[in-house]
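The first chain written gets the first letter, and so on, giving A, B, C, D and E; residue counts start at 1 in each chain.
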Amino acid sequence: MLALNNVEVVYDRVILVLKGLSLSVPEGKIVALLGSNGAGKTTTLKAISGLLQAENGRVTDGTIEFCGADITNRDAEEIARRGIFQVMEGRRVFEHLTVEENLIAGSYTRKDRRHLKKDLALVYHYFPRLADLKHRVAGYLSGGEQQMLAIGRALMARPKLMLLDEPSLGLAPLLVAEIFKIIKEINQQEGTTILVVEQNANIALSIADYGYIMENGKIVLEGDVAKLKDNEDVREFYLGLTDVGKKSYRNVKHYKRRKRWLG
Amino acid sequence: MKLLTIEELSLHFGGVTALCNVSLQVNKGEILAIIGPNGAGKTSLLNCISGLYRPSAGRIIFQGRDITRLPPHRRAQLGISRTFQNIELFKHLSVLDNIMLGRHVHMRAGVLSGGLYWGLAQREEVAHRRRVEEIIDFLEIESVRQKPVGMLAYGLQKRVELGRALALEPELLLLDEPMAGMNAEEKEDMARFILDIAEEWGTTMILIEHDMGVVMDISDRVVVFDFGRKIAEGVPAEVQANPRVIEAYLGQQMGVER
Amino acid sequence: MFLQLLVTGLVVGSIYALVALGFVLIYKASDCINFAQGEFLLVGAYVALALVVTYQVPFLPAVALTLCFAALLGVLVERLVLRPFIGEPVIAVIMATIGLSSLMRGIIQFIWGTDTRVFPPVFPQTPVQIGEVVVSQVYLWSLGLALLLLIIFALFFKFTITGIVMRAVADDQQAALSMGISVKRVFAITWAIAAVVAAVGGILLGNINGVNSSLAHLGLKVLPVAILGGLDSIPGAVIGGLIIGVLENLAGGYLDPIFGGGVKEVAPFVILVLILLIRPYGLFGKEIIERV
Amino acid sequence: MDCGLFTTSYEEDMAILFAPAAKLKVAAIIGCLLLFPLLVGPYYVSVANLMAIAVIGALGLNILVGFTGQISIGHGAFIGVGAYTVGVLTTKLGLSFWAALPLAGLAAAAVGALFGIPSLRLKGLYLAIATLAAQVIIEFTIIHWTSLTGGSAGIVLQPVSLGPYSLANDRVFYYFVLLLVIFAVVFTFNLFRSRVGRAFMAVRDRDIAASVMGINLLRYKVLAFALSSFYAGTAGALLAGYTRVITPENFTIDVSIQYLAMIIIGGLGSVLGSVYGAVFMMLLPIGLRALADFLGTFFPNIEHLLLAMQTALFGLIIILFLIFEPEGLAKLWKDVKNYFRLWPFSY
Amino acid sequence: GKKEAPSTGPATAEKTKEPVKIGGIFDLTGPTADVGQPYADGAKAYIDYLNSKGGVNGRQVELIDIDYAYDKTKALEAYNKLVKQDQVAAILGWGTGDTEALKQMIAADKIPYISGSYSEGLLDINLCPYNFLVAASYSDQARIALKWIKDNWKESRKPRVALIYNDTPFGKSPVADAKKYAAQIGIDIVADEVVDLKALDATSQMLDLKQKKADFAIIQGTSNLAATVLKDAKKNGLSTRFIGLNWAADEKVIKLAGPAAEGYIGVIPFAFPYEKVPGMAVIQEYLTAKGQKLEEKNQKFIQGWTSAMIMTEGIKRAGDKVTGEAIKAGLENLANFDTGGLSAPVTFTAQSHRGSEKVRLAEVKNGRFEYLTDWIGYK
C-alpha cells in the first residue's frame, strides 16, 4: 500500500537525515518503526505525510508511493486527501477548540458531512472518556486525554493509512495498554492500515505484524515481529532484556560507571 | 531529616481540581518517585513546589521555611531546581549558555560590570565556567557544548536540561518525566546520571516517571496519585502490590509482573 | 450635550467595531495583527469612489464591485506577502504587515494623491432627529450594517466547519496541515473576508465627509478596540468598539477644551492600558495556554 | 584564515577578539571611520552623524526586542523623552548639555521602566499594543504640555560646545558620537556574554524556565525596558544636541516603526545587526533620492514617480527582506564572509 | 530634488554663466499638501518662466526642491542638504513650524528665506533677519477679520466669535494675537476648537460651537480642514458664519464642501486666477505656451508664483554677487513693489520684513468667491 524506496531527506538544504531508507507497509497491517532518538523516525513519517516542507525539509532522492501513486514531495493537504493521516508527535491538539470541535476539524477532508454524527459516535465508542469531555477546551486536557483526542481526530478522517508518532509518549502504563488495544481494534474492525513509530518497543511489537528498526537514517533490521523479538540486539537495546531476564537500572549504573572511570 | 513538607495542598482551575488535600514529606537525600495516571496532578504538584502554580490552600515548607507564597525565582535561590515534562530549554542559546544560566543565582555581576566586562563580571564568568565544564563532563556532552540546543537531538536536550538544573546546585531537584520518549539504552544512561547525582552530590530528588521499571529500580520511596489525591505511599515493592494502585494506574499485567 | 455625545459615540463605535472585526478575523485565523488594515479601508473607499465618480457606476453596483475587488486584493496580498510568513515568529509578521501598510500607502498615494475626495451624496444628508439628539443617516446605516456583520461572523465561527477549521489553523498550523486542512486556503479566505469588511468600513466612512489618507489612521486607532475586546473575540470587537466610541467621544467632548484637543486620540489607549493591567487578554480574549 | 585556533584557558576562550586577524580587522575599520570625515563633504558627515545616533537607538531597541523578546512599538517616544529632557534642562533650567546628557538617559530609562511594568503580565501582541499606548500617551504629553515642551512648535536649543569646539560643527560632532557608538557597541557585546545579558536571552527564549532558574522576571523585563530606553534617551539627547531643534515629529510612531525596521532588517538579537540595520535604513532615503536624481537625467519624469514611491519602496524592501533574509543583514554578512573564508574551496 | 532646467534658453552666451541655485522646501504629500502642491507648482512655474525670459542678471535660476511632507525633521534634513550640499543662495520654504525651527540656522547661515508661513513670530528682525513675509501676517489677517466682524455688527450685544485651528505652530500662530485684539475692540472669544489638518470629522467640535452659540468662527487651517468644518457645521444645523484665513480659503474648499461652502468668507491676500489684472496676463501667456489652462490653476498657484517672483526680484537687485547678504539687501530695497495686481504691493526695509498689511475679504456666492472689500488693513 505504501512504499518508500531509497528515500533521502535533507533539512535546510544541508542536513542529511534519511540516507536511503526503504520500507513498505502492506494493506491492513500494523507496521512498527523502532529506532533510537534522532534516528529519523519522525522525519520518515513527515516525509510520507508531506509535512516536511513546513520545516524546510525535502525528499531529495528516492520515491514514496501510496496505492500506486507517487506522492513524493506533494502538498500535505493533497496527501491527506488521498487518505494518509498523521497523528503527530506531542499530540498537537487544537488547544482552544473544544474536544468535539477538534473532532469535527478532523473530518474536514470527508466529502460527505452526513456521517458526521455517526463518526462522532464511533470515536466516542472507542474512547468513552472523550464523550464525557466533549465540551471541554482541549488545551487543558491531560496528556492521555489529548492523545486519545489526537487518535480520535484521525479516526474522524477515516484514513486508509494512519501514521502514529509515539502514541505512548508520556502516558501512564494503563493508558498505554489501552491505547494500543484500541489501535489494534481500529486496525481489525475498521481495516485501517497503521504505521506506528514507538520508543516503547515492548508494546509496539505486541500489536504489530511487522517491524523495522532504524539507526542513523537507515533501516538496519526488519522482519516479522516474532523474528525481531528473538534478535539479540533488539532484546538488549529495545526491550531491555538480558539473558537473565529483565536487567535492573541499579546494576546498569555500576557497570557503566566502572566503564566510565576506566575509560 | 525532612527537607520538604507539604501540608494539605489543594489546587483548582475553574471547576477542575488538580490537587486535593495533598500532604507529603520528602526526606533529605532520598529519591522520591511520584506516579499516577495522566492528569492525576503530578506535574501540578511540581509546579506548586517550584512556584509556577499558586495553590488554593495548604502550605509548602522547605528547610523549615514556609515558601507557599514565594515567587519561582526566590525558590530557585533557596535551592529548588527542576526539569520539565516537555523540554523547556533556551532554544537559541548554546549548551554552555544554558548551563551557565543555571549558575545565575550564584553569580552577582550587574549591568554595568557586565557591560564593561571588568572586574567582578570577568572573574565570575571564568570561575563559573569552570563549574559548568565539570557538569558538561559529567553528563558527557562535551562535543556539543557550543551548539545551540535547539539543534540537538531529543535525548541530548534532556541531558542539557538536567545539566542546567544541576548547575544551580540545588538542595531539591524536581524531575518531570526525565525519561519520556527515550529508548531503553538512553533510559539507562539517564538512570545512571540520576543515581550518580544522588550519590556524589547528595541531592534530594522528586521524580515523576511512567516507566515502572525505572521507578522500581531507582527510587527509595514511591507516592501514587489519582485524581489529585494521594492514594498510596511506600517503598516500591509495597506500592506495586497495592491493589488500588494496580487498579488506578498499573493495570493487572504490570502489577503482577514481579 | 451628554446624550448627543453618547449617541455619536455609539454610532462611531459601531464603525470601530466593524474595522476591529477585520483585525479579529485575521488574528483568529493566523495569530497575527494586520497593521495594514487601515490601508485596506482606504483602498475600499478609493475604489468605490473611483467607480462612482470617474466611471459613473451607480452606487450599489459600485459597492458590490468594490467588495469583489477587496476580496481579490485580500487574496492577492495573502498570496504575495503573507504566505511566506506562515510559521514565522510574531514580530516578523507584524513587521511584514507594517511594511505592507507602507507599500499600500505609497501606491495609494501614487494613484490617488493626497487630496481629499468626496463622494457624491448617497445617503440623505439631512440628519435624523431623535429626541434632542441629531444623528446623520450614514451613521445609522453603519450601525445596522456593523451589527449584522458581527452576528453573521459570530455564528460562522461557532457553527460552520470552515469557521471551526479557521480557528484550528490559528492554533496549530502544522497539525492542521497534517489533517488535510489547506492552510493556504484558509488564509486566503480570511484575508479576503478581512479586506471586504475593511472595504465596507471604508465606504461608510468615505461617505461621511470624504476620503483622504487620514482614513488609514483609523487602522491604528481601532487597534485598542480589538485588543480591549480580546484579539480573538467577535463579541469583544463589538463591545470594545462601543465602549471606546462612547468613552472617546465623552473624553473628547469634556476634556478636549481643557487639554486643547487630541484627547480623542489618546483616550482609547489610556483606557486600554488600564484594562489590560486588570485583564491581560482583554475583556473576552482567549488566554494563551501555557502549561509546562 | 581562522581555523585551527586553540585556547588554553577559559579567559582566552572567552575573549571577544583573540585571533590576531580579528584584531587587525577591527583596527582597520576604526581607522577608516576616523578618516571618513576628512575625505567627504560636510553633508555626508552630517548624514553619518544622524546614522550614528540611530545606531545607538537601534542597539537599545535590539536589547529589548531582539535579546529580551519584548516587542516594543514605543521606542520613538522613549527617544523623545531623552531629547526633551535635554531640551527642558538646558533651556528652562540652564543646565549644560553635558550635565543633561546622562540625565536624559536616566529620565528615558525611568519612563521606559514605568511602561515596562505591564510586561510581566502582557505577552506578545498585547504587550506590543501596550507599548504602542506608551507611544501615543508620551506623544500626547509632549504635544500638550506646552509650557514645558513648547507643544507642537518644539524647543530650539543653543549650540553646544565641547571645550573650544562647537558640536554644531559636523566633524567635531562626528568624532564625539563615534566614540559613543564604539563604546555602546562594545558595552552591548559584553553585556550579552555575561550574567545579565544571558538572563535577558533566557527570558526571551522561555520565560517560565527562566523564572525557575532563579531569574526575577519582573526585574529583568523592567531592566530590559530601562536599559533599552537608556540607549534611546541617549540617542534622543544626542539628536537634540546635534540638530538643536526638537519637535514632536522627531518621535512619532513612524520613528518607532523605523527603528523596528532597522533591527529586523539588521538582525534581531544581533549587536552588529543593529549597526547594519541603522546604517541601511538611514541610507535608504538618500539612496532613493540619489537614484531618482540619476534616473531623472535620462527620463525627466521618472524621478517624480520614484519620489512618490518612496513610501512604497520602504514597505517593499522591508517585506522582501523579511521574506528572503529573515535573519537580517547580520546573517547575510555572515554568509558572505563564510563563503569567502572557504573560498576558493567552497563547493 | 527636481531641477528646473531652462527648456528653451534664449541667449547662448549667458548660458555659460553658473546658474543661481535656490532651494525649495515644499509639502507635496503631507497634511498641507492640499494647498502645498499648487503653491509649489506656482513657484516652479515662475522660475521656469523667468528662465525662459533669460533668468536674472543673465543667469539662469535653478530651483532644487524637496518634498518634506510637513515634517519638521525632514525639513531640517532638507535644509541641511540644500545649504551644505547644494549651497543654495536662498530658499523658498513652507510651514510655520519648520520655518520657526530653522530660524536660528537661517540667521547663522545667512540664507534669505521666503516661507509660505506668514507667522507673526517670523517678523522679529533681530531673531529672524533673513526671513521675509510677502503677505499680511496671520495675526494681521485675524485682526482684519475681527475688525470686519465688529464693523458689520448690528446687534447691541458683543459678537461671539470662536477660533478654529489645528494643533500645529501654523494653526496656533494667530490665536494669542487674535484674542488680545478681540478683547481690545470688544468681541467675545467663546471657544477654541482644535481640528486636525486632515480631519474628516469635526462633529464634536461643531456640537461645542453650537452649544456656545458662536456668531462667527475664524478658521486657521487649510482647505481640507475648512471643508470638513463647513460640512459638519451644516450637518449639525449650525448658524455660525465661518471666516477662513489665507490657507483656509480657496477654490478647493468650495469643491470639497459643495453647497455647505455658500456664505463662507475668506481672507484673501492673493488674486484668484479669474481676476483681470496685468500679472495674470503674464501667467496666462506662460501657461498657454506650456499647453496648460489658467482656469485649471487655483489661487494657491498664484500665491506660489508671486512668492517666487518676489524672491527672484531680490536676487535681481542683489546684482552679480549672489550672496545671502546681497539678496537680503536686494529684498530690503523693495518699496511698494507691484506684483502686477497678484497681491498687495510689497515693501521690505532693513527694520521690517512685513511685506504688507493688507488683504481683501471675499464671500462664496454661487460657488465662487466674490470680493466683499477692497484691500484693507485693520489700523
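We take it that a residue touches a chain if its C-beta (ideal position, glycine included) is under 8 Å from a C-beta of that chain, and two chains touch if they have at least 3 such contacts.
Per UniProt, the chains are A = Amino acid/amide ABC transporter ATP-binding protein 2 (HAAT family); B = Amino acid/amide ABC transporter ATP-binding protein 1 (HAAT family); C = Amino acid/amide ABC transporter membrane protein 1 (HAAT family); D = Amino acid/amide ABC transporter membrane protein 2 (HAAT family).
Note that the structure is predicted; figures quoted are calculated from it, not measured.
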{"item": "Lowest number of touching-chain links that must be crossed from chain A to chain E", "value": "2"}
{"item": "Between the pairs C-E and A-B, the one where more C-beta pairs touch", "value": "A-B"}
{"item": "Distance from the mean Cα position of chain C to that of chain B, given in whole angstrom", "value": "47"}
{"item": "Separation of chain B from chain D, taking each centre as the mean of its C-alpha atoms, in whole Å", "value": "41"}
{"item": "Distance from the mean Cα position of chain D to that of chain C, given in whole angstrom", "value": "32"}
{"item": "Chain centre separation (chain B, chain E; CA means) in Å", "value": "75"}
{"item": "In chain B, residues with contacts to at least two other chains", "value": "52, 84-86, 88"}
{"item": "Residues of chain E engaged with two or more neighbouring chains", "value": "29, 167"}
{"item": "Touching two or more other chains - residues of chain C", "value": "109, 260, 262, 291-292"}
{"item": "Chains that touch, pairwise", "value": "A-B, A-C, B-C, B-D, C-D, C-E, D-E"}
{"item": "Chain D contact footprint on chain E (complex, rising order)", "value": "1-3, 29, 67, 71-73, 76-77, 80-81, 84-85, 97, 100-105, 167-169, 172"}
{"item": "Contacting residues of chain C [partner chain E, same complex]", "value": "1, 4-5, 8, 109, 113-116, 118, 125, 127, 134, 136, 205, 208-215, 249, 252-253, 256-257, 260-262, 264"}
{"item": "Interface residues, chain B side, partner chain D - complex", "value": "50-52, 71-73, 76-77, 81-82, 84, 88-93, 97, 100-102, 104-105, 107-111, 113-117, 121-122, 124-126, 129-130, 133, 164, 168"}
{"item": "Residues of chain B touching chain C in the complex", "value": "43, 47, 52, 84-86, 88"}
{"item": "Contact set on chain B toward chain A in their complex", "value": "13, 16, 35-40, 85-86, 153-155, 177, 180-189, 191-192, 195-196, 210, 212-214, 217-218, 248-251, 253-254"}
